[in-house]
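Quick one: the structure is below, questions incoming.
By letter and in written order, the chains are A, B and C; residue numbering begins at 1 in each of them.
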Amino acid sequence: METLKQELKENIVEQLNLEDIAVEDINDNDILFGDGLGLDSIDALELIVMLDKNYGIKLSDPKEGRAIFESIEVLAKYISEHRTK
Amino acid sequence: MKTVYINSVCSISSQKTFDNSEFLDEIIYHEDNLIPVVNPNYKDYISPSESRRMAKGVKMGVAASKIALKDANLDTVDAIITGTGMGCLRDSEKFLGALIDNDEQFLTPTSFIQSTHNTVGGQIALNLQCKGYNFTYVHSSISFESTVLDAKLMLENNEANTILIGGVDEIGDYTAKLHQIINHIKAEKTSTSELLNSKTEGAVFSEGANFFVLSNEKQTSSYAEIIAISTYNTLGNSKISDLAKSFLDENNLDIDAIDMVVLGNNGDVTFDGFYNELSSGLFKNTQQVYYKHLCGEFMTASSFGVWLASKILKTQKLPEIVKLNNLKDSNFKTILLYNQYRGENHSFTLLRKC
Amino acid sequence: MSKGVAITGMGIISAIGNNVEENYASLVTGNTGISKISKIETNHKDSIMVGEIGFTNQELEQQLGLSSENNYSRTAFLGVIAAKEAIKNAGISDINNYKTGLISATSVGGMDRTEAHYYDYAVDKSTQKYIEGHHAGDSTQKIAEQLGIKQSLVTTISTACSSAANAIMLGARLIKSGQLDRVIVGGADCLSKFTINGFKTLMILSDTYNSPFDEHRKGLNLGEAAAYLVLESDKVVLSENKPVLAYVKGYGNANDAYHQTASSENGDGATLAMQQALKVAELSPKDISYINAHGTATGNNDLSEGRAILRVFENDIPDFSSTKAFTGHTLAAAGAIEAVYSVLALQNNVIYPNLNFKTQMKEFNITPQLEFKEKEQHTIMSNSFGFGGNCSTIIFSKKQ
């Protein structure tokens, strides 16, 4: 689980090009969207592709992402329960 | 009808031009067929959260717009009009490459969103929170001239008082390679000082962003007055000299009234004839200036010409490096600019000291 | 200064018809052009629906009598066909007998050719003719050439899905200011894998028939189309004694300045564009007899646009509908397609149905016109909104 969380943080910083945020700045329970890390609807779409590509999880409705992408903690839990690769 | 002034300028080019306190004080001599811009520190103008999705062209455009606004002492404007001949090439290449390479799978939206031609205009509006008129022109070598034409129409009729206009184009690596294959970009490296003697096909390509605040109110820091602009999709059966004459006639000017012509020669042996016809004919007794040896060719390179002419009119200095002949070195009042690309999309722009 | 901006000719090619007459017939009979995709080989063919034009590129090339050496994109083919119809419709025999310009809009440009040959370009000489046709101004230059427009003001606008509305707006301003006597305005966009995949990544493509303003709308269908209008000054209309189809009465352009792709929740930009168009037209909201809405059937657009309409028209909402369920969203061309439909609605005194609507949206209580309806028309508003926050509104009227 810890490895997965670390991997997610690294991917998020790199893929979303978060220039001013370091991996170690992200806490497991930080809110990713809005006032938290500042991610927005386009980032949610980027994360949906990451779920599909890296973990074989397909979301068909971007609204589903809202709850799943709440924090690294929540996201890692969801991935470990639903991953197909 | 109101008069239209250039109240501020900003040029990000392959010379160090973004600092308005200088004027080509230090020339960078390139020897290449593709030359990148000298970047300002984009972080000074764009926050990390804004810049994280921006390709170079968008960064150049947003930074240039901020410098131009500062130079005009403004926080925002009534309208934003952008010109780009090739649009956001880097993101277009990125999205298309990924689409083909991954067989339409696992594509992400960012590069698609950023690939639309109006990205720069939209990002500037977002950055300035400017809800006013916002247009993007994408017509080859008159993309920038279209922004001038539109802004002038608006300011003359008092539909706006301040308008940010600009031309921006970025180098896309793959597109540049393709344009080299079809000889639009020179096959060989060419030096800044030898560009017009190259006698080969194609141009030395580059990128850049040249932004201006236009207004119908003059300020003490104003650079110039825009008297007229005309664009022509083709020459039809006329010669460029005929068109130049009728353009001057329309503006009640004769050749002697022109203190300087600024020409868009890019060293392409096939198409520089249009410029040569003017410089060896109609304007042989006029001070002649060129600039694409400094900024390279790109679809909105003529906006660098307007930057140059504006600087000359304001400072009354004529840098040695841009002279094509040596006939006049002071008292510049009226400047005519002419540009075309590959024999199409010709334009005349007329500026006057203010 | 010319006060009036007369529309004296129109041409169109879309998924519901190859000319003005065929388009109108489909609108009257409620015949949608949305289908499975057949002309582009894409992995998404089973999960999307599109508004595709029946002709192949070869057929279009033959219709235009072009040699096989040509380097036309599909955008250029479609543009030339629609622009030629507009010129013919306007009864123009000598294009250069008045000061004539061309303002065209496109977002796809030559991307259809670029994506087909992208890597081949480097190795296959026979494909290289398309390289210089990639840029957005190329199709406009070709249309000008085919119409015989020389030494003129010819330019291209690309403000995403509001592009053609902006072309109409600029054209109208050039006529009003006296810079041009006549200007052909409109837009063209063909379908491409680039846009299909792009909108797919945004997850706003419907897998079924798009249903604007419906509570359960699933997104848009992309379409391809081209349409052009001939705008002429009072001087030309008077001296040629020309029949006038309608007038461009008002226009407004504003930026939402909210997000690169999404519209603001309350439609700030859309509201400003509509208000400004009314101001230019010197009309009040009650003067509008029909709104041809942008209505793309995405969750975001229809909510934002609906709210903006409510802000502008308050308790007195005119009949409105979106015709995108007929044509699909034709991107940069949409504003011109819907301009032609607006003029036809004025001429024939009709309102087109908003197809596929079943369930009222829960956020507000306005409902689009659902049936084809005859009604005396005098002034029509047409909305076009795009990425980059670009919002545009055009008002067309019967009388000057």
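The rule is short, and it goes like this: a residue touches a chain if its C-beta (ideal position, glycine included) is under 8 Å from a C-beta of that chain, and two chains touch if they have at least 3 such contacts.
Model, not experiment: these values are computed from the prediction.
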Touching both subunit A and subunit B (chains): C
Between A-C and B-C, the pair joined by more C-beta contacts: B-C
Inter-centroid spacing, subunit C versus subunit A (mean Cα positions, whole Å): 38
Gap in Å, rounded to a whole number, between the CA centres of subunit C and subunit B: 30
Multi-partner residues of subunit A (each touching 2 or more other chains): 42, 45, 49
Numbers and ranges of subunit C residues touching at least 2 other chains: 201-202, 259-261
Residue list for subunit B, restricted to those that touch at least two other chains: 53, 107-109, 113
Subunit B-touching residues of subunit C, taken from the complex the two chains share: 42-44, 102, 106-107, 109, 111, 114-115, 118-119, 121-122, 128, 131-132, 134-138, 140-141, 144-145, 149-160, 166, 170, 173-174, 177, 179, 193-194, 197-198, 200-202, 253-261, 268-269, 272, 386-390
Subunit A partner contacts - residues on subunit C that touch it in the complex: 201-203, 259-262
Complex contacts: residues of subunit A adjacent to subunit C: 40-42, 45, 48-49, 61-62
Subunit B to subunit A touching residues, read off their complex: 48-49, 51-53, 106-110, 113
Parts of subunit B lying in touch with subunit C, wherever the complex brings them together: 53, 80, 85-87, 92, 95-97, 99-100, 103-105, 107-109, 112-119, 121-123, 125-126, 128-140, 142-143, 146, 149-150, 153, 156-157, 175, 177-179, 181-182, 184, 230-238, 243, 299, 344-345
